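Shared between the two complexes below is subunit A, which pairs with subunit B and subunit C, respectively.
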Partner chain A sequence: MSARTSVPQRTQPHVLKATGQARPLAGARSELEPHAPTANPRVAPGFGGALRALLRKELLVELRTLESVPGMSLFAVSVFVVFHFALNRASIDGDLAAGVLLVTLLLASLLGINRLFVADAEQGGFDGFLLAPVNPTALLVAKALALIGYLLVLELVAVPAFALLLLGTSLWPALPGLIAVLALADLGVATAGTLVSTLAVRTRARDLLGPLLALPLLIPVVIGSSNAISPLLAVHPPALGAWLTGSAARWLVLLALYDLVFGLIVYAVFDFLLED
Partner chain B sequence: MASARRHPAALALATCLMLSLSLSLVFFYAPLEAQEGFLQKIFYLHVPLAIITLCGFVVGGLMGIQHLRTRDDRWDLRSYVAIHMSLIFGVAALITGSIWAKGSWGHWWVWNEPTLVSFLIIMLLYATYQPLRFAIEDRERQARYASVFAITAGAFVPMNFIAVRLTPSYVHPRVLSSSSNLPASMGLTFVVSLIAMTLLFITLWQYEIRAKQARFALRALRARMDAAEGLSARPGSERSWVTGAGATEGPPPKQPAAEALST
Partner chain C sequence: MEASSPALELHGLGRSFGERPVLEDVSVSLQAGQTLVVFGPNGSGKTTLLRVLAGLLRPRSGRVRVLGAELPRQSWALRGRIGWLGHDPLLYMQLTARENLAYHARLHAVADERVEQVLDAVGMAARADEPMRELSRGMVQRVATARAVLGRPELLLLDEPLTNLDPGARQLVWPLVGPGSGHTRVLTSHDPATGLAEADLVLGLRHGRSELYASAQNVDAEQVMELYR
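This part shows the complex of A and B:
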C-alpha cells in the first residue's frame, strides 16, 4: 500500500506558507493553547519545539546506531592514505594540500548525505512525520543541523589526521582561517546535501543518484573553499589579517552567497518533496 | 506563441528561412576575421547554441515553478521537453566549442577558461535530470521531483557562472560584453544567427510536445479499445509518459493512463 493512502488529506504546503500557517492542525492548536499546557502531547508543537524534537531524534539515532559519523571519519583517514600512495608524496602543501583536504571532506560528506534520510524512507519516518501536525521546514532545518553536526565531528577527526599524515607545514597558523572557511563550506554542504538527499532517497537508484546530483551542485563550494584555503596551507602562509583582506575575502563572500542562495532555494522547494 | 501553437508548419517554415538567411550571412556576408580566418565562422553556431542552452535550462526551471504552482501536468511536460532539448543543444555547443578551442588555442579543452568550465559543470548537473526522473515510478511524484530539480538547477545556472567567473580568465572572449565591439556586419550576422537558433529551439520543442501528446492519445485510445473489446489490458499501457520503454509488470491497469495526464 502506498504511503499516500494512509496519510490524511493536507492543505498544499505552498498555500500554507503563504498564509503563515504551519499545518491544518495549527489552527486547532491556538484554540487549545489557553486551556492546555504545551507539554500536553496532544497539542501540536511550535516550530522550535518540533525542531528540537527532530534534532534530538536525529542525534539520538546516530548515537545509538553510529551509522554515519564513524564511517565518514574512517573513510576520510583511508582517503588520506590513498592520496599518499597515489601522489607518492610524504608531505604536501599549498594548492595540492587544500585540494586533497577538500576532496576528502567532500567525498566523506557524500556518505553522510546519502544516509541522511535512509531510515526515514525505510522505517516509516516520513509517514510518521507527515501525520504529525508540524511545519515541514522543521524537518529541513533539523536534518541540515544534524548534517552540520556530522561534518563538524568529521572535521575534528579529519583535519588533525591530515595535519599528521600529509601536511608539510604547521597547521596552527592556518587554523583560524581554516575554521572560518570550513564553517561556511559546511553550511553550504548541509543545505544542498539535505535537498539532494531528499530528492534521491525515494528513487530506485539512490546510492548512485545522490553523489551524481551532489557533486556538480557542490562545485562552487569547492572552488570557494580551495581558493581560500590554499594560501593558508602554503610553506609561508600570510598573516591572518593579510589573508582576510587579500584574495580570501571574495571567496568567503562567494561561500556566504552560496549558503544564502541555496538556503532560500531549499527552503522554497523542500515542502514539495514531502507531500507523500 | 499561441499562433505558433496553432500553426506549427508556419513556425517550421519561418525557422527554415531564418536558418538559411543566417547561414547565407555567415558564409557570404560576414567578413573573414583577421587572426582566425575561416575558423571564426563557428562563432555564429557555437555562441547561439550555448546561449540558447542556458536560456532553455532557466526557462525549464520557470516552467517547473509554474507546474508546482498550478499542478498542471502540461507545465511538467513543457519543462521536461525544454530541458531535454537544452541538453541536446548543450552537447552540440560543447562539441563546436571544442572544435573552436582546438583550432584557435591548440587544445580540445582548456581548464583555465571559466566559461567552458562552468558550462561543463552545468551540463554534468543537468545530465542527472533524466536518471533522477526515470528512477521515480510514481507518476505524480516524478513530476513534482523533476520540477524541484528544474527549479534548483535553473537557479544554479547563474550562480555557477558567477562562481567560476571569479577565477581569473585568460583566453575566452567575453561574448556578451565584447559583442558590442564586433564590426557591424559581424554583429548583424550574430544577431540573425541567434534568432534563427531560438526559432529552431522553439520549433523542435513544439514538435516534441506534439509527438508526446500524440503518443498519450494513442495509448488512451488503445486502452479504451481493449476495454471495449473485453480484453485484458496490455501490460505497459499504464506506463506513464516518461517511465521509459520497458513494459511494467503487475496487474492490468484499472483506468486508461491518458486520463491521468490532461493534455
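This part shows the complex of A and C:
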C-alpha cells in the first residue's frame, strides 16, 4: 500500500457535540451532561485521603484472597517444627534461639514481600494509580504500612509458636525488649521489602529475583536484631534496664539507622521505579 | 492548555522496546473535542501509542504534547485528566464494582455520589456488590467504562472500547464515551465502517509507521482495509 499522509482539513464535525446533539446510538440515553468532561482546575486528593484509599484497598484485597498472611504464618510455624526435629534438642536459648527466630521471620517475610505488588502488576493497578492525580509516595507508604501489618500478624502467630516449640526459657521477661527489636526490624523489612518488591514485580523472574535481592539487603537487620535479642533469650536474661544500657543499645541504634537510611533511599527512588 | 493549541500534538514520535522499534516517526495534531481513530493490524503499535499519550510509556524520540503537557517531562500534569479504557480493565477482581470505583473515586478526589451515578449509567448498580471475578467479561467492561469516565476526564483513550459488549451494553456505555460525550477522544478500531463514522481524523499504522493520516471525510473503508493486507 502506498503511504498517504495528508494534512487533514480542519473539520469541525463535533461542533454538534458541544450542543449535545451528536450521534449517540439509537436508544442511547440523552442525559449526557452529568458525564461531560471537566476542564482544569482539578482537585487532587490530599496525601492522607489517598493513603487511606490505598491502604483500605490493600487490606481488602488481602482479606478477600488471604494470599500473604496465612502463608507467611504457616510457613514460620512449619519451619519451627522442622528446627524442633532437625536440631535434635528439647529446647534452645541465647544466640541459637535468636538466630532461629530471626531467620525464620525473615524467610517468612519474603513470602509477603514477593506478593506485595502482584495484584497491582497483574490487574493493572499500577496503571490505574499512575493515571490518578496522586503523590506516588502515598503508594510507597501504603505498601510499607500494609507489609508492617502483615509482619505484625505473622509475629503474633510465630513468636508464641516459637516459645512453645523451641524456646527453653520463659518468653515473658523478654517480651518488652523483643517487641521493641521486632518493631525496628519490621520497619526495616517493610522499607527494604517495598523497594525490592517494586523492582522485582515487573520482571519475569520476580519469584526468584525478590529473595535474591532482599536477602543481602536484609542481612544488617538480621545481624542487628539477633544480636539485640540474644541476651533476652538466654537462660538467665538481664533486666530490661541493664539490657537497654548494655550491648543491645548499639544494635538498636544500628537498626534505627538502617530504617532511616533505607526509608530515605526508597523515598528518593520510588517515583522512578513506578515509571516506564 | 491554551485555548488555541491542539489537544494532541505529536511530531516524529518514536518508541521502541529494547532494540525493536514499535512506533516510528508518527505525527498527529488533534483539536479539542475531535476524535482520532487509529486503525492497524495487531502489533502495529496502536496500544503503545495510547500508552505514550497517557504518560504510561516514555516516548524515545520526537515531540509529544498532550493537553498542553510536554511528555515525558510533564507527564505528572496529565494525571487525573485522562480516561483510559483498554484491554485491561484496571480493576481488582477480588473487589466489588462499587469498591473498585470508590477506590478510584478517592484517588481522583471524586465524591461518592459520582460512583453511584456512573454505576447507574452503565447499568451495573444492581450487581455492584458482587466481586468482579464473578461478573462476565462484558459486565467487567461496563464497570471499566464507568471507571474511565469517573473523574470526568478531558481526554479519552479508548483501546477497542466495545470489546466484549453486547448491543444492549453498547447502547448503555456509548453516551459516556461516544462522540456525544463531549470528550476529545483517541480510539483504536478494526472496523472501518464504525471507525470512520466516529472519526474526525484517521491514523493508520503498520509496523509502527504512519501509513495513513487524513481527515475522515477523505478516507474510505477500502483504504483502511489496505492496512490489513
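In the analysis below, the second predicted complex is superposed on the first by the 232 of 276 C-alpha atoms of A that agree within 3 Å, B and C clash if a C-alpha of one lies under 4 Å from a C-alpha of the other, contacts with A are read in each partner's own complex, and residues count from 1 in each chain.
Note that in this section contacts are C-beta pairs under 8 Å (C-beta built on N, C-alpha and C of every residue); 3 or more make two chains touch, one makes a residue touch a chain.
Everything numeric here is computed off the predicted structure, so don't read it as measured data.
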First, second, both or neither for A:Ala53, with subunit B first and subunit C second: second
Subunit B versus subunit C as contact partner of A:Ala161, first or second or both or neither: neither
More subunit A residues in contact - subunit B or subunit C: C
Given the touch rule stated above, what does A:Leu145 touch, subunit B (first), subunit C (second), both, or neither? neither
Using the superposition on chain A described above, determine whether A:Leu212 touches subunit B (first), subunit C (second), both, or neither. first
In the superposed arrangement, does A:Leu96 touch subunit B (first), subunit C (second), both or neither? neither
Is A:Leu240 touching anything from subunit B or subunit C once the two structures are fitted on A? First, second, both or neither. neither
In the overlaid three-chain picture, which partner chain does A:Arg64 touch, first (subunit B) or second (subunit C), both, or neither? second
Once the shared chain is lined up, is A:Glu275 touching subunit B (first), subunit C (second), both, or neither of them? both
If we overlay the two complexes on their shared chain A, which of subunit B and subunit C does A:Ile223 touch? Say first, second, both or neither. first
Residues of subunit A at both interfaces, subunit B in one complex, subunit C in the other: 14, 275-276
Subunit A-touching residues of subunit B, taken from the complex the two chains share: 68-69, 121-122, 124-125, 128, 131-132, 135-138, 140-141, 144-145, 147-149, 151-152, 155-156, 159-160, 162-164, 166-167
Which positions of subunit A touch subunit C when the two form their complex? 1, 3-6, 8-11, 13-14, 17-18, 20-32, 34-40, 42-45, 49-50, 52-54, 56-57, 60-61, 64-65, 119, 123-125, 127-134, 275-276
Subunit A contacts subunit B in the complex at 2, 14, 195, 199-200, 202-206, 208-209, 212-213, 215-217, 219-220, 223-224, 227, 250-251, 254, 257-258, 261, 265-266, 268-269, 272-273, 275-276
Once bound in the complex, which stretches of subunit C touch subunit A? 1, 31, 33-35, 54-58, 72, 79-82, 84, 88-95, 99, 103-104, 106-109, 117-118, 121, 131, 147, 149, 151-155, 170-172, 174-176, 178-184, 197, 200-201, 206, 209-218, 223, 226-227, 229
